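First subunit A sits with subunit B, and in the next complex the same chain sits with subunit C.
Moving on to the complex of A and B:
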């Protein structure tokens, strides 16, 4: 079973740039894929100007939109 | 400071008026706190101006050591004269409480203050004295831990006229209310709000006069420290974190990076609580040994906005769990607050690409300090 570890930045810049919307997507993904999706939160991923930033399986993604995050996670899980 | 004064204020304007005609002024100096409650003639803007002038003049002059007679003379000579009634008039109650519990009370035409010790409620009558043709009641008191003083404007004793208390609540009614209905174990703000709410109910939610309740309670001071912002020089991290953990104080952290520094230096686990009680603010976090961990700039900005105007009441934020409300609840519970402010700025916050402007931590905390001092807190600020 494939697993995805998502780490969502909720720092000041990322919050202003929309990380609250991403947390909704993360909740939905967790409901849908249950134990396949593991979620963590952090306060900075070091790319504040390009937020919101999310770390997916160790890779930092910048300027993430809810659609982009969902596609990324679904792609990994269905690959 | 041997004792701390927990101050609670609740007021409401007469129905149809935007401004309350009562004013409360709190002034702290090195060894005492002066609280002045004033009720201006009439209601609305005119009353508000009279009351504000009275309370400001009295508090400032007394804190400079001016004698009572001169204070009353100055107030009388300064207040504008009402065109209709041809008099300049506003009532006042002045309380000066020293850090060792000694207190001086002067009352002019306000309902008698109430003193509560061990649930025993007594009126503070005082010695009658003529000062500049005005009858002033003076009294010296010694406060002990847990003692409460309640000062009200006549809107409280008149509450209910023409509604549920045809003759008004009266001083005896107020004493009865406090004895039977008010939970005196709460904070001063709780007590003040409870009394105010009963007055509103007696007035059938249509207060016919400005209502103000001020509650003073002597207690052991609660000390707190807030760490916000990383130090300018990275080499200072260890020292600042060590300093943050000194002393017997409650601790809070405002800032994600700051929280990470503390977690790193003290090897503590930072756990972010992903509950968005209010989506406009980032979530809070928890860390062992720390009361509260919040995000920095946005949360502080909101907290300052809520405190501005001085109308914030505990019940407005009592059931809210967002970072700013939690921070305010924490702040209002403290008597002495040390602000430890780091001046390192996140360069990413300054890039012009960001579609928003973030306030400056230093000016935010400076402003927060002023607002807390106005609420009677003793606040120190340390920059690094």
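Moving on to the complex of A and C:
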């Protein structure tokens, strides 16, 4: 079973640039894929100006939109 | 619905960058390069060309520096304007402005035939149109916009629902008809009508409407004054995400340079008790009903659109001014920064010495980010907030004012209060009309210009579905329940200082 580990940056800079919207997407993904999706939070990924940032399976994604995050995760899971 | 759109991000990036220059004292030196820097930062293009984007950024920068977009500032180098901005001019009374070059001049043809038109046999639209504006062209109804008077009868008559009514989002959001399309169909705000609620700011999909920020002066005060107090509105809870507590936010504010953080809810406690007494004194002997006066946009709505019932408005100041003046009474050298979700507060504060600057939660976040302070890294351990009662904190949410007022009345008088609440300018306006025409049985009106109350304000960072839950938790955990249980309230109301009254003489 494929797994995805998502780490959402909830630092102030990322929050300002929309991390709460991403958190909603993450909730939905978790509902859909259950234990295939593991979620964690962090306070900064060191790329504040390019926020919101998310770490997906160890890779930092920048300027993430809800659509972008969803596609990324679905792609990994269905690859 | 606080979805962070691309437009919101642009506005926030501008605020962060302007704040950064000010913190680092390089505003005059580097401001001219900022539009270029902002355009280069992101590869995405929103407008026809880079030049237009830069021009729009320049306008946003002016507003972020606190300047109005008046004619004489056009085409001036930003560094020259920054010099002006650093003198912290007071500026006009109104807060909300249209960025002309960002306005997309949305179509104003209100009624429009869609492809769902089946060219039916009865042509009811054509029959009902009082102006003969509808003809059939290429198998579809067609509205001659020169003849159309926008009565909407055609839309009502079509059984397929094929005729659409299109609004400009800003016009629709405005509860007082203050926005009309002006020259070249660019939106134009009539400041005689506008109440500064800021609903149009959030509604415009092009981000073409905004308000002036007071961040430069705020930073300057933090850098040069010893005692700067942050007066935080109760709606602040949850603004930095569900995981960041109120105490953590307070700790971050102290780190940023505020010498003290005080909850505006303290002022709410004062107002609730004072207004409760006013209610019993004046209703029904002197007036038939009383209205709240804590929301500045609601106050403006009454003053500008319902002047006949000005007498019915509570004579007390808002919680913000009550708390601010109390702080200045304790120490006249204190500088007070009000931090809230509200645009209209910026105008309200201009007329009172209690408050030195007003910034929104969004602008606060920009100040923090620009200074490299990450609120989510604080835990607020050791911080205690004990300024206000739970009901005072509840002012932030619609219905909260009424609840606090009710509970401030003596038990045997509580059934004399028959309150009703209105939220959003549209609804407030409707209710005020009802009261004016004596159609309303209630004897107290709580008016909040934003839907959901302050939690739904234009300067918020978090969705009110989340923050309203967190506010409830905060109130639940507060041991001091009633405004009357707040010792400061007792002390102040015995003296009943003049500054508690809107009309100070």
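Just so we're on the same page, the second predicted complex is superposed on the first by the 79 of 79 C-alpha atoms of A that agree within 3 Å, B and C clash if a C-alpha of one lies under 4 Å from a C-alpha of the other, contacts with A are read in each partner's own complex, and residues count from 1 in each chain.
Just so we're on the same page, contacts are C-beta pairs under 8 Å (C-beta built on N, C-alpha and C of every residue); 3 or more make two chains touch, one makes a residue touch a chain.
Keep in mind that this is a model prediction, so the values were computed, not measured.
In the superposition on chain A, contact is made by A:10 with both subunit B and subunit C. Touch criterion met: A:63 reaches subunit C, while subunit B stays clear of it. Applying the stated contact rule after C-alpha superposition, one finds that A:41 touches each of subunit B and subunit C. In the superposition on chain A, A:18 contacts subunit C only, with no contact to subunit B. In the superposition on chain A, A:74 makes contact with neither subunit B nor subunit C.
The intersection of subunit A residues touching subunit B with those touching subunit C, taken from the two complexes, comprises 10-13, 15-17, 19-20, 41, 43-44, 48-49.
Against subunit C, the residues of subunit A that register as touching in their complex are 10-13, 15-21, 41, 43-44, 48-49, 63. Put simply, subunit B touches subunit A in their complex at residues 256-257, 259-260, 270, 272, 274, 276, 279, 281-283, 285, 295-298, 346, 348-349, 351, 353-356, 358. Chain contact summary for the complex, subunit A toward subunit B: residues 10-13, 15-17, 19-20, 23, 39, 41-44, 47-49.
On the subunit C side of its complex with subunit A, the touching residues are 2-4, 8-9, 12-13, 16, 41-42, 240-241, 243-244, 362, 365-366, 368-369, 373-377, 461-463, 466.
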